[in-house]
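Both of the next two complexes hold chain A, though its partner changes from chain B to chain C.
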Partner chain A sequence: MSTPVNSLTQYIELYTTHKADINANSAPALNALRPQALSQLTDTALPHTDTEGYERTSIAEMFAPDFGVNIMRMNIPVDVAASFRCDVPNISTLLGIVVNDSFHPTATLHNKLHDGVIFGSLCKNATTHSELVAKHYGSLAPLTNPSVALNTLLCQDGVLIYVPKSVKLEKPLQLVNIFSSPAPLAAFRRILVVLEDDAEARLLICDHAQDNEQQYLASQVIEVIMGRNSIFDLYDIEDSSPNTRRHSMLYASQSDGSNLLVNGMTLECGTTRNDYNIQLPGSHAETTLAGMAIASGTQHVDNNSQVTHTGCSSKSNQLFKYVIDDNATGAFEGGILVAPGAQYTEAYQSNRNLLASTGARMHTKPQLEIYNDDVKCSHGATTGQLDGEALFYMRSRGIPESEARTMLMQAFMTDVIDTVRIPGLCERLHYLVDKRFQGGLRQCGSCGSSCHDTKTKQQ
Partner chain B sequence: MDEILLNVTDLRAGIEGKEILKGINLTVRPGEVHAIMGPNGSGKSTLSEVLAGNPAFSVNGGYVDFHGKDLLALSPEDRSHEGLFLSFQYPVEIPGVSMVNFMRAALNAKRKYFNEEPLSATEFLKLMRQKRAIVELDNKLASRAVNEGFSGGEKKRNEIFQMAVLEPRLSILDETDSGLDIDALRIVAGGVNKLRTERNATIVITHYQRLLDYIKPDFVHVLYKGRIVRTGGPELALELEERGYDWIKEEID
Partner chain C sequence: MKDMTTDKTTKPEKNDSKNVIDNVTGNEYKYGFTTDIDTDIIPRGLNEDVVRFISAKKGEPEWLLEFRLKAFRHWLTLTPPEWAHLDIPEIDFQAISYYAAPKVKENPKSLDEVDPELLDTFSKLGISLDEQKKLTGVAVDAVMDSVSVKTTHRDKLAELGVIFCSISEAVKDYPELVQKYLGKVVPYTDNFYAALNSAVFSDGSFVYIPKGVRCPMELSTYFRINAAGTGQFERTLIVADDDAYVSYLEGCTAPMRDENQLHAAIVEIIVEDRAEVKYSTVQNWYAGDKQGRGGVYNFVTKRGLCRGDHSKLSWTQVETGSAITWKYPSCVLSGEGAVGEFYSVAVTNNYQQADTGTKMIHLGSNTRSTIVSKGISAGHSQNSYRGLVKVAPKANGCRNYTQCDSLLLSSTCGAHTFPYIDVLNDTAVVEHEATTSKISEDQIFYCNQRGIPTEEAVGLIVNGYAKEVMNKLPMEFAVEAQKLLQITLEGSVG
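And then the complex of A and B:
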């Protein structure tokens, strides 16, 4: 096992050796932050289990193996248009695909986008809209966090979403992150979302792995900058593979009156760590932060949230639910911080977990820091087993025990799914979660047919 | 009629190491209605839970024959498929599970048990509509989560609705009258009576004679300290209503 420092060293070496190629295959606005990222990474280590906030997930260990990085932007042969046809029923989306870390628009994307709206490659747009990207790229995600610094050091592409003032996107945007590689691969990608005042957009992200056997590592930083009274939904569904490691970090900042909904759903994974860092400097802003994790086998899901209220009269509501089965582990650490002066804040947090087997483990740490009197806040965490009385009631009506358990687990997730503000997606998620509990999700759920085909062939 | 639907022989059972049923003997034939009465804590609800297979209770001895099947060896779901139905004293609320999905799962599990194809959506909805009418159950309740936010009366009506859908051979009504006003009682009892046939049977567990005005029993049993201490006809219930249980307790203790 590599020591934590070593796991970082290999990436720093990769950068120093291939600096010219990395920069040449990216854009000036992205390259600009690399020297600073490098200096932050000197004499430090990636977070490990001795680091506060990472007790249950060692990022150093996740990044320790020798993954390849596609520095030269070799085109990995995937027939994008033919392979990934989204089949989320009832909703039609504007679809973009990220293969590993490079953006591929679908044929219809350009002519369907509203004037002035950008939904495309971060690298390309960093050249064509360099001022916009330079202004916002790295504005929220701090380089003092070694994981952010590492992402910034090696990130060459990703996605830019820009919605001009008062533009309301009718159709949801959809991003399919798909891993595809003949060798173990690490992708360092970035998603930058900028909504001007009164803008409105919804984004659905689906994470997939093209095959179950290959080792993948995703380092993802999402920055969301929200103007006054803007509305943004982010649905982030992970349906990957046992050999996928994912560290995703979301940083959002909300101006006055803005409304943010984030719902992260881990349906299938290997080792996953999601960080949610939401700042509410504006007044009368609202945040809903929801998450669900379904883990079985030896899967590991760790969600860490920090919602910081600095403006007045804002509301935030956090709801995270886990169902842990077999020998899987779950972890949740959630924080609410109400700063001095953030009067009339309403902030709630709830974490509820079901352990479906004796080998399942859940670690939870809800936290609340209030430096203000005039607030309404609550937090709570519960971990338990399925309700024996409900189980017997269902069995007494003839419903087989395994089916009754599945129905109860699915029911447990209902309120997380019900936060979804796209009706068709809501129904689809109920279906996907149902399928997941029945053990049959490993066939590409909400999008894509290629991974479906690949996986079927392997079986 | 000689056919026996349920034959309970020396049934002993309890919970958390405490024996509650201390040797129950009971024979029920098709077409019959049996009332089981008795003071609080005598074991009435334990008997119904044990017959339905609640894993929280342990069976310590005895045998139960259910139309030729070893009932105690069957899982709760198989007891249901074989035709046993328990109307719960306290129906359980199951947030997030809709009545429709709940009933569809129950019905199709039974059909699968008998190697029948699942019902089509149209057939299923038609059946639901028919059965709802028996207990005048509002369509709105049927589209909600199981028992969630139902009033006491609605919960009991919902139990009889489920009974109507599953068409059991033996129904055990555990204090179905508790928490019901007189109108709800009439509707629930009316539902039970509509579902009676020569082939099926009913065990009514109750504290009060009142329900027996609507569901006429053929036999009345008094359960006391885990045993059936007296069996009689409908007149026994009237006598209990008038005199209470003390005279029986005095005879036994």
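And then the complex of A and C:
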């Protein structure tokens, strides 16, 4: 194993040698935080397996290989709009595409957006709406976290979503992240979501890789700032390749009466670590945090959630489900923290895991930290296999064992999919999950990208 | 166990609720007296000479001194663990005296030869050292300031081949047994406090139950720290050979002092084929005063190795004392079909802190474990459950059920749960459930309505809540433990 310090030094060196280029190809609001990020990174290391909270996924190791970083913002020639239609039938979305870390809007996107709504490149908007970006960029993600600091140090672009007061977006926004590069590539991207009071938006993110053989590394920080009574849905579907590593960190802060739904689904991946950090300083805020992971081969999925209740009468509900097959590893660490003074909090967490083969491993660590008495909190975690009796029942009615297993696993995932609040998407996800269990899925169905599995294409 | 005389005599009046309340409110910490007896204390500080001194003082063989020195040298390389959810003030390990023994005449032949003050101490505590207590059928080994003072019922046990004596006697009388098992379950390299204990342990109990013997009585050890500025480092070693059974009880108290005292013990249990060991603890070290001054730091390593097939180890603990508790009684289930159980009630009040739980390590196939942990926090205390359930890759058909409930009695206290679940085998079924809540207004109202004052109602509800664990305790212990619960929570309502 490479030493943790080394994996960080290469990025710091990259920054110090190419400082001018990095700044020139970004925006002042983004550049402003870099010196601070650098000072935080000095004399520290990326989290590794000895770090509490990272026991199962070494971020240091993840970032250790020598990846290229597209500092000069060279346009990688991919005709994404033509080749990639990751559409969801039955629902129409406002689509934007992110190649590695640069945002490419679809041709008509701008016309379809509501007045005042921003859905575009973070870098460009940081110049045109510098005040907005400067106010919120880095306001939630703490630089004390080495991974966030590294992202802040090297991030040059990303996506900005801004919904003004009382604007309710009818159509969901969709963001397709595509990795495409002729050489191993690391992308440091950033998504900043700002919802003013009473605003409403839904965002669907799909992660893909153009080339299944190429090594990719994604470092992603999502910041979500929610105004009073705002509603935000985030569906984050990872459907990349076994050679993709991803460290995604979500930081959200909810004001009074706001409602947040985060649903993270890992269907295909290499090594994935998702951090969900949700703060509820407002009262009567509601959070639903759902997650699903289907891992096979030697995939590794690690989800880490931390929901912090500081406001009164807020509710949170977490549900994470895993199906681990072959030699894959799953890890889950979930925390609920109820601060002193957060009266009448209701916080629940549930983690259910299925181990489908002898080589499969699951590590789970649900946690409760309660500093208040007038609360209702619980968590539950189970790890086991499919119900033998149910399998027998189905087989005795003529369903072959493999099919019965698939059916039961599909049923197992149903309640995670049911948290989705867009009916068309719900249906689509059922379809994707079914296909994933049948082993047919390499990429989501109808899109024409070259990342397609040949088998799926023919269908 | 500690207060059995009073229990016996007050039993008829037990239903008289006023009496209970008087009993409860009357004493804050009734074991908080010091006994003025000659104590043999060595100067504070720890170095190799101190380790050699302790070993020489006890007339130990060479191998044990080697063991101690190795542990000491290893300890020097370690730092105190910081991962627990505890706020531990820095401990100056050189400011502690590592050996304090009550001066007694060598080898007391009968009770008459024991220091009368010492006997008085024990009768204050209700320890069954005297004849009357022998009738209750509990064999007691009393350890005061880490030296075993008196073991009762020894002859009777010897008839069955059961060995129950202090560990220093065992070193002299059964060196091959002690050498065979000492440090096998908790090696000195295990953790900081285990290394410290291995270097300086002064005494403790040794139990050996031979093949096929069901120990006819409950064995009991009573621990007390008496001298100021000392630490207590005792070591318990229990071996249950094939088909044996033993139920072992442990109780602890300490006097009230302003400074903190350190208690770092090791308990090792080895369970062979089809044998069963039941280990019950009522821990009531001095918890500090209402402002959180003083109290015992209880940093204990307890572990059992169920290495026999179909062996069983059951831990039951009622934790009401200590300023800080750091304790994880564990089961290593390596035998086929071995069973591990952990039942715990941990109560914290005022400024107490507890980080306690268990580890169930499933190495053998078809091993089963059950964890039931009930935490009750009041005042400004912090109460955490921390547990590990691990299923090894080759352990097929394992089963675990974990339940952790927390009850919060004030808005300033904290209750936390940190379970670690590592499943490396696909045939395992592991379940974990945890809930946190406070006593509902409805329940209190219901009791009030029927003329039960709030304080008493809380006691009632808490006892009901802890019943599942209390039921696992031996009878005499359960009565004591229930009272302790009420004393600890006294004044925490309203």
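Going forward, the second predicted complex is superposed on the first by the 443 of 459 C-alpha atoms of A that agree within 3 Å, B and C clash if a C-alpha of one lies under 4 Å from a C-alpha of the other, contacts with A are read in each partner's own complex, and residues count from 1 in each chain.
FYI, a contact is a pair of C-beta atoms (placed from the backbone, for glycine too) under 8 Å apart; a residue touches a chain by one contact, two chains touch by 3 or more.
Keep in mind that what you see is a predicted model, and the values were worked out from it rather than measured.
Of the two partner chains placed by the overlay, only chain C lies in contact with A:Tyr371; chain B stays clear of it. By the touch criterion defined above, A:Gly398 reaches chain B but does not reach chain C.
Once the two structures are overlaid, the count of chain A residues touched is higher for C than for its counterpart among chain B and chain C.
By the document's definition of touching, of the two partners only chain B reaches A:Ala411; chain C does not. Contacts of A:Arg361 after superposition on the shared chain: chain C is touched, whereas chain B is not. Legend: residue contacts after superposition of the two complexes on their common chain; A:Pro182 is shown touching neither chain B nor chain C.
Residue contacts after overlaying the shared chain place A:Thr383 against chain C, while chain B stays out of touching range.
Across the complex, chain B is touched by residues 387-390, 392-401, 403-404, 407-408, 410-415 of chain A.
Per the touch definition, chain A reaches chain C in the complex via residues 52, 340, 343, 353, 355-358, 360-385. Within the complex formed with chain A, the residues of chain C that make contact are 83, 85, 393, 406, 408-438.
Every residue of chain B that touches chain A in the complex is listed here, in rising order: 52-56, 75-77, 79-81, 85-86, 88, 91-92, 94-97, 101-102, 105-107, 109-110, 113, 145, 162, 166.
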